[in-house]
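Labels run A, B, C, D and E following the written order; every chain starts at residue 1.
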Amino acid sequence: MSELLNNDLNSTDLARENAALISPELADTVTLTSIDKAINMLSQIVSPIANLARSNSVWPLTFGTSCCAIEMMCVGMSAFDISRFGSEVFRATPRQADLIITAGTITRKMASALITLYEQLPEPKYVIAMGACTITGGMFNDSYSVVQGVDRIIPVDVYLPGCPPRPEAILDALLKLQQKIRTENYAKRRVQAYQQRPVCYVDYDCGRPLEDLLAMAMEDTSLALDQK
Amino acid sequence: MSQTDTNKPNETKEMELGKFGKFLKDNGIDSTRKDDSINVETIVISVKDLEPALRLLKTSSETKLNMLLTISGVDYTDRIDSIYHLWSYDHNDALVIKVELPKQSQANTDTVNLTSIANFWSAANWHERETYDLVGIRYLRHPYLRRILNPWDWEGHPLRRDYKQLVDALNDKNPHSFR
Amino acid sequence: MSNLLTRAKDSIYQVLRGLKTVAVHSLRIPTTKEYPDTMPPLPPHFRGRLALNVNPETNEHLCISCRQCERVCPDKCIEITAHKSPETNKLELIDFKIDHGLCMFCGLCTEVCPTDCIINTNDFEMADYSREALVYDIRKLTLTQGESSHYFAAKEIALPKPKPAKPVASAPIAPSIAKPVETKTEAKPVETKTEAKPAETKTETKPAETKTEAKPAETDTDTKSTDNESK
Amino acid sequence: MSTNLETTNLKTDEMIINMGPQHPATHGVLRLILKLDGEIVRHVEPVIGHLHRAQEWQGQNRTLFQYQALIDRVDYLSGMFTSLAFAHACEQIDGCQIPPRAQYLRALVCEMNRISSHLLWLGTFLIDLGALFGFPFYPFREREKLLDLFEEIAGQRMMFNYIRIGGVQRDPKPSWFEKVRKFTAEFPDRIDEYEAIVTQNPIVLKRTKGVGILDKSVAMDYGVTGPSIRGSGINYDLRKTRPYGIYPELNFEIPLGQNQGDTWDRYMCRILEMRQSNNLINQCLDKMPEGEISGKKQIAGLRIKAGEGFSAIESPRGVLGCYVISNGSDKAYRIRWRNPSFCNLAVLPSLLIGRPISDIMAIFGSIDVILPDVDR
Amino acid sequence: MLANSAELFKFTRLTLIWLTLIFGSVWGACFIVGVLLPTLLLRACDNEIFALLAQICQYLTPLIAILVFIPINAMFMVLVERRGLALFTVRMGPNRVGPDGLLQTAADAVKLLFKEDIIPTGADAWLFTLAPIIFFAPSIFGSIPLLAAITGNNDLFAITNLPTGIFFIIAASSVPVVGIVMGGWASNNKYSLVGGLRSAAQAISYEIPLVLSLVTICYLNQSLNVVEIASRQTGGFLNWNIFGGGALNGLDKYLNALINGSSNANDILQAYYPSNQWILTVIAIAGLVVSTIIAFFMYITAACAEVNRIPFDLPEAESELVSGYNTEYSGIKFAIFFLAEFTNLFIVSSIATIMFLGAGNNPIPQFLIDYLFKNVTFIPQTINAITQALSPLINQIHLINPITFWSVVWMIVKTYSLVFFAVLVRGTLPRFKIDQLMDFGWKRLIPLSLLVFFIVIFAKGVINTNV
C-alpha cells in the first residue's frame, strides 16, 4: 500500500507538479515562489491521506438503465457484497456520490440525463463504463438510437467489458479504480477537473449533439443574412 | 444501411372467408382472406372499414375479440401494412386484420394516414403511437399522437426500408477502435 | 374497540415475527464469496474472455484463418489478417484482433469455429483504464500450451490432430508491421457488413478474392471433416 | 385513509414534478411527469423510450442465428422466455419438429427463469416500499443459486442464448439436474420465510391493500396480461388457455387474486406462482425423457421458410408475443415484439390519478415492468 | 445454532475496540481538561485568577466531552449499522479498511471532507449553509443534561444536572426540524421541498406522543430532573420505570427479604401492598406496569419518527423523493446531516435508557445476586477486594470512580442495544405512507398516550394512598 502511495510522489519533479497546479501553458515560464512550494508540499502531504480515504469509500450512484443494472444490483447483494470495499452506500442523489457506473445502454434520449448527472456529481468524480453497450455500443453498435460509447459524451476512467460483466468483474473494476485513485494527486486532480470538460452535450428533444444543432443554426442565420 | 434490395416476402393467394370474415360480411363489411400467418385467419380490409370492423369485433358477443395484442406496421417498400392481432380473453380463436396503405412517394417523409382506434380501445393508444414513431403511419383522430420511443423531435421513421441513419459525433466510427 | 385490539395484537405479532425471522438470519453463515481472495467456481462453459487455443500437444496455432467467426460475429468485433503463402498456397495467419469492448460474449464464434481454436475462457477480469487496451491482438489472445490443454479437458473437446509439419506458420507469429496494414485495408469487416450481408452472399461472389478459397462455403454443417480432408 | 385525502376539498397550487429518467424507483429509465396537488397526483404522463435500442430494427439486419443471441436483451430478467417466443414463431413458420427432451428442457429452464424473475421483482418491490437494506437481500440470495445453475447450463448468468430455433443449445449433465432438485427441495421453505416477513406485515398491508385497484374491464381494455390481470381475478394464463410446448402434460394451478385486484393481490399472485413453478420444475425433472435436444442444425446460415408466424407465450410479466415475417432468407423481413410490459405500463396513468406520491412506487412496482421490455 | 460464530465474534470484537476507542478518548479529553489542567494551574500559582481559570476548565469539561464524543460515536454507529445489516442479510459487511473494517466510516468521513461543496444554482446560499448547522447544533446542547445522568452525577459533570433537564432536552429536540425544513426549502429542488414539508408535519405530530410518554414518567417520579429520575431506578430491573416506575418496588424488597431470610418479609409486603385493598392494589399495579410498557413502546415509535428512522424515514424516502431534504447537499454539509442523524438516534436511545430502562443502574436485582451467590462467597469477595485495592488510585484521579464507571458501562450496554434494535427494525420494516403516518400519529398514538397518562395518574394515586 505504501508503494502505491509513494508512486506519484517520486515520479514527478516539483516544478512539473506545481505547473499543473498553475496552468499547463505557463508551466515553463513561471518561477516558483515559496508559497507555491508550500502549497505543493501541503498537497503532497494531504494527498496520500485523502487518496487512502477516497479510494476506500467510493460511493456509487444508483444509475442503471438495463441488464448491467441488474448485475450492479447483484453485486451489492449477499453473494458478492460490494460492502466489503465500503461501496455499498448506493446514493440516489448525484450530489453525494463519487462514481457513476454507467450500467446499461445509453441511448440518445438518455444521454442528456447522463450528462446532467455527471455534471451534478461533486468533484472528484469517476466513471466506470460498464458493459459492451457503454464502451462501444456493443451489440447495438449500429442502432440508430444508441450512443456508441459513453466516452463520446463524458470522460471515462475504467472500462469494464462484458455483456453483462459478472458481478466479480465489477468488483475487479472497482479495485482498479481504487488503485487509480490512490495514485493520483488530489490537488492536481481538482485543478484539472475544472480545466478540461470533455463533455459533449446532447439535446433531449431531438437526440443530437448540441454542437451540430448550433452549427446548423449558425448556417441558417448566415444564409439568411446572405440573402438579405 | 441500405435495405431496399431485401427481398419482400412472397404474396400469398386469396382464400375463402373464415369464421370472422363471414361474421363481418354479415354485418356489411367486406374483407378478403389472405392466410399469410400459419394457422391463423388473416383478413385484409379497407381503410374506411377498419374502425367499424374493430368496434364490432370487440364488442359483439359473437366474436368477443376483446384483446388487442399488438398493432404492427410493416413497410413493403410500395405499401405499408397496419396489422392488428386480435385475441380474446374468453376463447381461443384469433384473428389477424391487415390494412394495406399504398405509399404516395418514395421519400422518407411521406405520410400514410389511417383512422385511429385509440378512442374506443385504450390498448391501441400506445401501439399506434409506436407504429407512428417507427413506421410512420399517421393515425388520424388519435388523442395524443406523439413520438413515444424516439426523442420527440426525431427525424424520419426508422423502420421504413429507406430510412437513412443519422451520423454524428455520437455514432460515427469509433475513433478508438480498430474498426 | 375489540376489533381494534385484535388488529393491534395481530399487527404487533406479525411485526415481531418479521423481526424474529430477520434476527435469526444473523446466526447463519454469510453466503458471500470473497472474490479477490477466492475465485468463483465457474462452470467450464462460462462465456468469458475470448482466446485462441494452440494444439495442447504440439503447440501449433489452431487457427486456419477461415474467417467463420469474423462473419458470424453479430458485433463484428473480430478482425483477422491473413495472407496466402506463395509456397504452400494456404492461408497464413498474420494477426487476429478481438475488440473486447465491443464483444457481447454470445459465444457464436466458438460455436462455428471448425478447429475449436477460438474459445471462451473463464477469465472475466478485463477491466482497463483505456479503450485501446481492450483490443486484444494475437499475442494477448493466444493461450499457452498448458492453458489450452486445461480448456480442452474442461470443455471436453476432442484433441485436434496435429497438422502436417510443412507449414511454418505455427505458433503465434510475431506480426510484421508492414503486412497487416496492407491487408487490413482490403479485408476490413466493416465493408463486408455494408456491401454483402449474409442474406445475399449466398448467391453473390465474395467481396475479397483472397478469402474465398479459405471459406468452406456454406458447408458449415460438417466443417470439421471438410477441414481435415482439405489437408 | 388515503380516500380521505382524495376527497378533501382543500386545494393547493399544483406542482409539476419530473420523476426520472434517473430515479431510484423507476426501475431504470421511466420518466413520469407528475402534476401534484400537495402529495396527490392529479395528472401523470409517462415518457418512455429512454432505453429504445432498436431491437426490431436489429432483427431486420442480423441473421436469425445472430439475432437469437441478441434477444435475451429484450427482457433481460426472463431471457429464456424471449428466446422461446422467438423460437416458437420461427418454428411455426418452418414447421420443424422439436424433440421431446428439448421441450422438457425448455419448460424446465423457463420455469426456473420465472422464479428468478419473480424473486428479483420481490426484492425490488420491497425496495420500492422502502425496506431498503434488509429483506431485499433474501430473494436475491436464492436468485443467485438459480443464476449459478443457468450459468452452468447456458454459459452466462443472464444472457443465456440457450433456447434456439428447433431445440436447445446444450444438454445438461445429470449432476445439473441433481442441483436443480436440491434447489427445489429447499425453495418452499425460503418462500415461507419471505412470507413470514412480508405477507402479513401491517405496514405492507397498509401500503398495498386497496391501493392501485385494477378494474377488470379497464385491464381488458388496455390488454393487460400476466400476474397483473390474474390479480384482478381474470383467469388468463397462456399455459392453460392456449397451451404450448409440454404444458398440457403438466399438472399445475393458476393462482388468482382473492380481492378486487389491488397491489396486494398482484403480490400474492406472484408468490403463489413461484410455488407453482417450483412444482412444475419438479414435474419436468421427473418426466424428463432422453433423446435429441435439437431438431434443427445450429449453423451460421440458419434459415427458415418464407411466411408469417405469430407466437405468444406466458412470460413472468404476461403475454410475450413475437411476430416474424420471413422471406425465406437467413434474415427476417420484419420482427415485431408484443411486449407485456409495454401493454401493462399503459394502464399505469389510470391507476395513479388521485393517489399520493408514495403509492406510485407501490403500484408501479406491483405491475412489474421491465424497461427494456417496454422500449426494446 | 451458532453457525455464524466467526462473524459474530468479529462483530463483537469490532464493537469492543470501537467502544474502548470512543470512551478512552472521551475520558482522556475529560481528564486533561477537567483534572490535569486545573491541577497544573493550581500548582503553578495559587492566586484567584488561576483558581478561576481552573474552575472554568472544569466547567468546560462536559462540552469538551460531547464535542469529542459525538463525531467518533457517529462514525461508530454508522459502522454498527452497516455491519449489523450485513449480519442480518447473511453477508460480510465492510471488512477491508483497517482490521475488520474498523476504519471504514473514518475513511468515509475524511472523504466527505475532501469532496466538492456545491451550492446549487438558485439555492438560497445563506439558508442552505445554515440548515445543517441548525440541524446539528441541538444535538450538542440538547445532550448536555444527559451527561449528569449518564455519569452517575460525577463531580465534574454535576454542573449539567439541570433541575428541569428533561424539559430542556425536549425543547432542544424540536429544533432540528427547522433545519430540515430550511434545507428543503433553500435547496431549490422540489424533492427537497416535499421532504422538508413532510418532515415538518411528521415532527409536529410525533412530538406530542413523545412528550406525553415522557411526561408520564416524569409524573411517576415526581421530577423533571433526569439525575433524580435515574437515581430512583436503582436496584434491579423491577424498579425500572418501564415496569411501573416503583410499583414493583415492594415486590423487590419483599423478595430481597425473603432470600436473605429476614423475618419481616411479610411486613414489607403488607406495608407496600396492604391486604385489605388487594384487588384495587393489584389493578393499580397492573395498570401502571402495562401503561408504562405501552409508554415505552410509544416513546420508541415516536422517537423513531423524530429522528427519521425507518419505518418513518419519509423526509428522505430514498425510493420516492430521491434523498428528500438532503438531495442537494454534498460534501461536508451532507456529512453534518449524516452525523446529526446518527447522533440524534443515539440521544433518543439514551433518553429511553435513562427514562425507562434504569439509566446507569445495575439491571440485576440484589435478591437475584444473593440467591445465586448464596453459597459462593469468594466471587463477591474478590470483586470487593479488587475494588478496594483500586479505590485509592481511582480516587486520586477523581474521574473514574466505581459509580461513574459502572454507570457508564450499563448506559453503553443499554443504549447500544436500543441502537442495534433500531438497526434490526431497519432491516425488516418497509416505510409508512405519509397519510398513514399522520393517521397513526394523531388517531392512534396521541389518544393512547393520553389514556396512558390518565391511567398512570389514577393508579399512582391509588398506590400512593396505600403506602
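Here is the rule we use: contacts are C-beta pairs under 8 Å (C-beta built on N, C-alpha and C of every residue); 3 or more make two chains touch, one makes a residue touch a chain.
It should be emphasised that the depicted structure is a prediction, and the values quoted were computed from it without experimental measurement.
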| item | value |
| --- | --- |
| Path length in steps (a step moves to a chain that is touched) from chain A to chain E | 1 |
| A-B or A-D - the one linked by more C-beta pairs in contact | A-D |
| Chain whose Cα mean lies nearest the overall Cα mean | D |
| Relative to chain B, chain with the most remote C-alpha centre | E |
| Separation of chain D from chain E, taking each centre as the mean of its C-alpha atoms, in whole Å | 47 |
| Centre-to-centre distance between chain E and chain B (centres being mean Cα positions), rounded to whole Å | 67 |
| Distance from chain E to chain C - Cα centre to Cα centre, in angstrom | 59 |
| Whole-Å gap separating chain B and chain D, where each centre is the average of the chain's CA atoms | 25 |
| Per-residue overlap in chain A, given as positions that touch at least 2 other chains | 77-79, 81, 84, 92, 109, 136-137, 139, 142, 144-146, 149, 151, 163, 166 |
| Touching two or more other chains - residue numbers and ranges from chain E | 86, 88-92, 318-319, 322, 427-429 |
| Touching two or more other chains - residues of chain D | 23-24, 49, 52, 54, 57, 61, 69-70, 134-135, 137-138, 141, 144, 159, 197, 201, 329, 331 |
| Residue ranges of chain E in contact with chain D within the complex | 85, 88-91, 190-191, 194, 310-311, 313-314, 317-322, 426-436, 439 |
| Residue ranges of chain B touching chain A (in the complex, touch as defined) | 1, 149-155, 158, 163, 165-166, 168-172, 174, 176-177 |
| Chain C-facing residues of chain A, complex | 78-81, 84, 128, 132, 135-139, 141, 149, 151, 156-163, 165-166, 168-169, 171-173, 175-176, 180 |
| Contacting residues of chain A [partner chain E, same complex] | 49-50, 52-54, 56-57, 77-79, 81, 83-86, 88-89, 91-93, 95-96, 98, 120, 122-124, 186, 190 |
| Residue ranges of chain D in contact with chain C within the complex | 61-63, 65-67, 69-70, 134-135, 138, 141, 144, 151-152, 154-156, 159, 161, 170, 193, 196-198, 200-202, 297-301, 329-331 |
